[in-house]
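Only one structure is covered here, and it is reproduced in the block below.
When the chains are written out, they are named A, B, C and D in that same order, and each has its own residue count from 1.
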Amino acid sequence: MIEEIAVRYADGFKAADLVDPVLIEGLPGIGQVGKLVAEYMIHMLEAEKIGEIHSIYFPPQVVLDESGLARLARNELYRYRAEGKDLVFLVGDHQSTSGEGHYLLADCYCGIAEDFKVKRIYTLGGFGVGHLVNEPRVLGAVNRPELRQEAEAAGVTFDRDEPGGGIIGAAGLILGLSAERGIDAICLMGETSGYLVDPMSAANVLAILSKLTGVTVDPTKLNDRAAEMGKAIESMVEGEKSKDEELTYIG
Amino acid sequence: MIEEIAVRYADGFKAADLVDPVLIEGLPGIGQVGKLVAEYMIHMLEAEKIGEIHSIYFPPQVVLDESGLARLARNELYRYRAEGKDLVFLVGDHQSTSGEGHYLLADCYCGIAEDFKVKRIYTLGGFGVGHLVNEPRVLGAVNRPELRQEAEAAGVTFDRDEPGGGIIGAAGLILGLSAERGIDAICLMGETSGYLVDPMSAANVLAILSKLTGVTVDPTKLNDRAAEMGKAIESMVEGEKSKDEELTYIG
Amino acid sequence: MIEEIAVRYADGFKAADLVDPVLIEGLPGIGQVGKLVAEYMIHMLEAEKIGEIHSIYFPPQVVLDESGLARLARNELYRYRAEGKDLVFLVGDHQSTSGEGHYLLADCYCGIAEDFKVKRIYTLGGFGVGHLVNEPRVLGAVNRPELRQEAEAAGVTFDRDEPGGGIIGAAGLILGLSAERGIDAICLMGETSGYLVDPMSAANVLAILSKLTGVTVDPTKLNDRAAEMGKAIESMVEGEKSKDEELTYIG
Amino acid sequence: MIEEIAVRYADGFKAADLVDPVLIEGLPGIGQVGKLVAEYMIHMLEAEKIGEIHSIYFPPQVVLDESGLARLARNELYRYRAEGKDLVFLVGDHQSTSGEGHYLLADCYCGIAEDFKVKRIYTLGGFGVGHLVNEPRVLGAVNRPELRQEAEAAGVTFDRDEPGGGIIGAAGLILGLSAERGIDAICLMGETSGYLVDPMSAANVLAILSKLTGVTVDPTKLNDRAAEMGKAIESMVEGEKSKDEELTYIG
């Protein structure tokens, strides 16, 4: 019988080998901001895969790679050994499709953090504002009041009013559920339109996360992608403007 | 593993210390009428928090306070020691997101009432009528025929036809499920448009609940809020009227 | 802890006292045809209530009577002692709100039938055709080929093409699940528009069910209601026609 | 109590009697392509029914045959003894109605394959492209990289970009879940509009499946049906064209 949530570790992996680990969650979400940041870090740091999570709460589908190889939808765990500490990344294809599944999966992630003796979690996400943002801020939330000052010192904005409706999904639930296990957690949310995958917002989150973790990642490629995207949007906007002008001529 | 529904009590709280307790449920609902009444009473009476309820049947999100501190969605229990009896309040962020969850949570609340040896429950809500109401009535429902007279004497209206479709959610289910445990329950529903948070309707419910419980709460602040809201709506209506007049001039 | 499905019998009721019982299911559905027939029979035969079913798969609400008394949504069992056999009726407020709940409840009903040593089940329903029907037929389905002839002899129509999409909900699932327990079942579906409660269709189903069970019920009151409804619809149609004529005059 | 998923085998059937079995899944899906292929093979090969699967995750309804006989929604297993190996077919009325049900059912199917000591599974489906396709390709996916070459040799197309979003439902999940049990699986997806039942696409899938399994099935009747459908569509298109021409004349 299939397990509702199954966690499998790579051969030879031992939680006990982890040194002072920090967990960084970057699952899919608004503007794919968290996913972009975490997967960029994994790529640049050449982090090593240490585990996989499968669940009947993920959408009922398989993912195909470019060669036609199919695999179950999954979340993955990666480890990067930094100086004096390990970064553990949680990334993946999907979040849950049901409310109950969200809780059960987030609880599973927090259980993993506890097993790993994680003392600090960063959850990453986007905060959708409904329009293009020129200088996206990084908004924050914490699961213990004392964490706010540290986050603000790294450039995180705490806004009385935003996000007003709370934080939905893994990035939020992990904050709430890890507090119950005595683990500190900070959520970093990059402002983003909500309509597009947003490397610009991701670059800002990455910069702050680098300060907070002390693990610097060369942001060039992410900035390049953000710059390209910026130009593409600009030329689209220009296109719209010239269309408007043409219409004026016609008028 | 996370519990489907978890109830946690404050340190030192003992159900046995409660004297002749009455349970007052004011969870979110139509016009937030029940929530306004129960939270106003908690505030004015300086009721003491005695417990918290978390559940995977709540929406999968955390709530942020103004300082950016995140916490799980929850329901809360408060206690106020009145003369000769305790008032226990059940309030919170959310009701269940699923039908089954509604039953399981309402059954949990009734289980708490039974553990507390509660003999009387008041469930509070709004009854949406779809238009602004000048003098909102307080409609009632009971889970034992003998309770009706007492409620009517306190000013509750029992209308043959309303609410015709039954009572949905916690305010209704608690009535049905507490009867099975031998606990009396009265539901008080303030008439309300259903479109706005309605302190006017809440003030009427509060007045009747004060008579029924014998615990009087100064209604001034709630009445003030209702008056402000009344003025705001009036000036909106006036605004609409003058727009109509302008249009007439144009015409 | 609340049971997912709870069946409770009246004090003193013993399944062993039932004589050769026949189960008649008339839960809410299209045109309320099945519900009308079963509740009319219960009323006219003064059948005695023998049990109640509650479930978390019903909608999360309570039902109010005209006096403001609330009770949980429920299904009910009634018994009528006819000559040489008992009729057991299954009626109620609601069917399940979820697919899984439909299966679990229908299985519970069949379990009751087996406990009662029921050898024949009639499930009643409406078959929505999308327009007004002047002479509604009673369509049939069976769970054993040999049952068809008996049904046809009583006036049931078996149509190659209808209902093409199968039978949804309790009336259908009981057919399928009772076969697995070796219980014969016939489904009677009165043709109906699907837009209105349809006593005319119900009267036709009642006539056939009387023949099949050998228990005659005076159909006068149901026919009266059907006649009234027929007149009301006729006058509505007339009204529409005269409006059309007026429009013609204008034109 | 009803089982969530129940598998029942024909009397006398023994999994141990199967010789080197191959499982072919053809459940309902896009264009009914998989269902057409598998049911056509069962029909032409006169495969023998060996089992049935019922589940509360199927839609809550019964299926009627033309004589009015009702039966539960089900999946079925058939066996055809080819030279030196058995073909086992999985066909049926429905897939699951819920995400979790999809996982649980697909896992059940893979469990059956494991019990049968199946070493190769073919899952069949349609790939909807949103427009009529003149020469539908058969797209492929595999659950082990080494399988691709064999599939390509039989005429399967592996397209870098399609199907981009993965494969939803049983055809996909069986690929993913069988890999975990060490069973090879190939998915064959016939391109199809997605709007119509598509025997043309099914004929192409059948041709390739015949090559892969070495079990040839006379495709005449399926080709005939495809040809008829092709003509019907052509005449519809012609009809549209002549309407356009008429409109031009009017213009």
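In this section, a residue touches a chain if its C-beta (ideal position, glycine included) is under 8 Å from a C-beta of that chain, and two chains touch if they have at least 3 such contacts.
The model shown is predicted, which means the values in this text are computed figures rather than measured ones.
Residue numbering shows that chain B and chain C use the same positions for less than half of their mutual interface. After Cα superposition, the angle needed to carry chain C onto chain D is 90 degrees, rounded to a multiple of 5.
For the pair chain A and chain B, the distance between mean C-alpha positions equals 38 Å. For this pair, chain B with chain D, the centres built from the Cα atoms lie 53 Å apart.
Listed for chain B are no residues, as none touches two or more other chains.
Because contacts link each chain to exactly two others and close back on themselves, their graph is best described as a ring. Chains that are in contact with each other form these pairs: A-B, A-D, B-C, C-D. Remark: chain B residues 1-2, 56-64, 66-73, 97-98 touch chain A in the complex.
Within the complex, the chain D residues that touch chain A are 96, 99-100, 102-104, 106-107, 140-145, 148, 158-160, 163-169, 172-173, 175-177, 179-180, 187.
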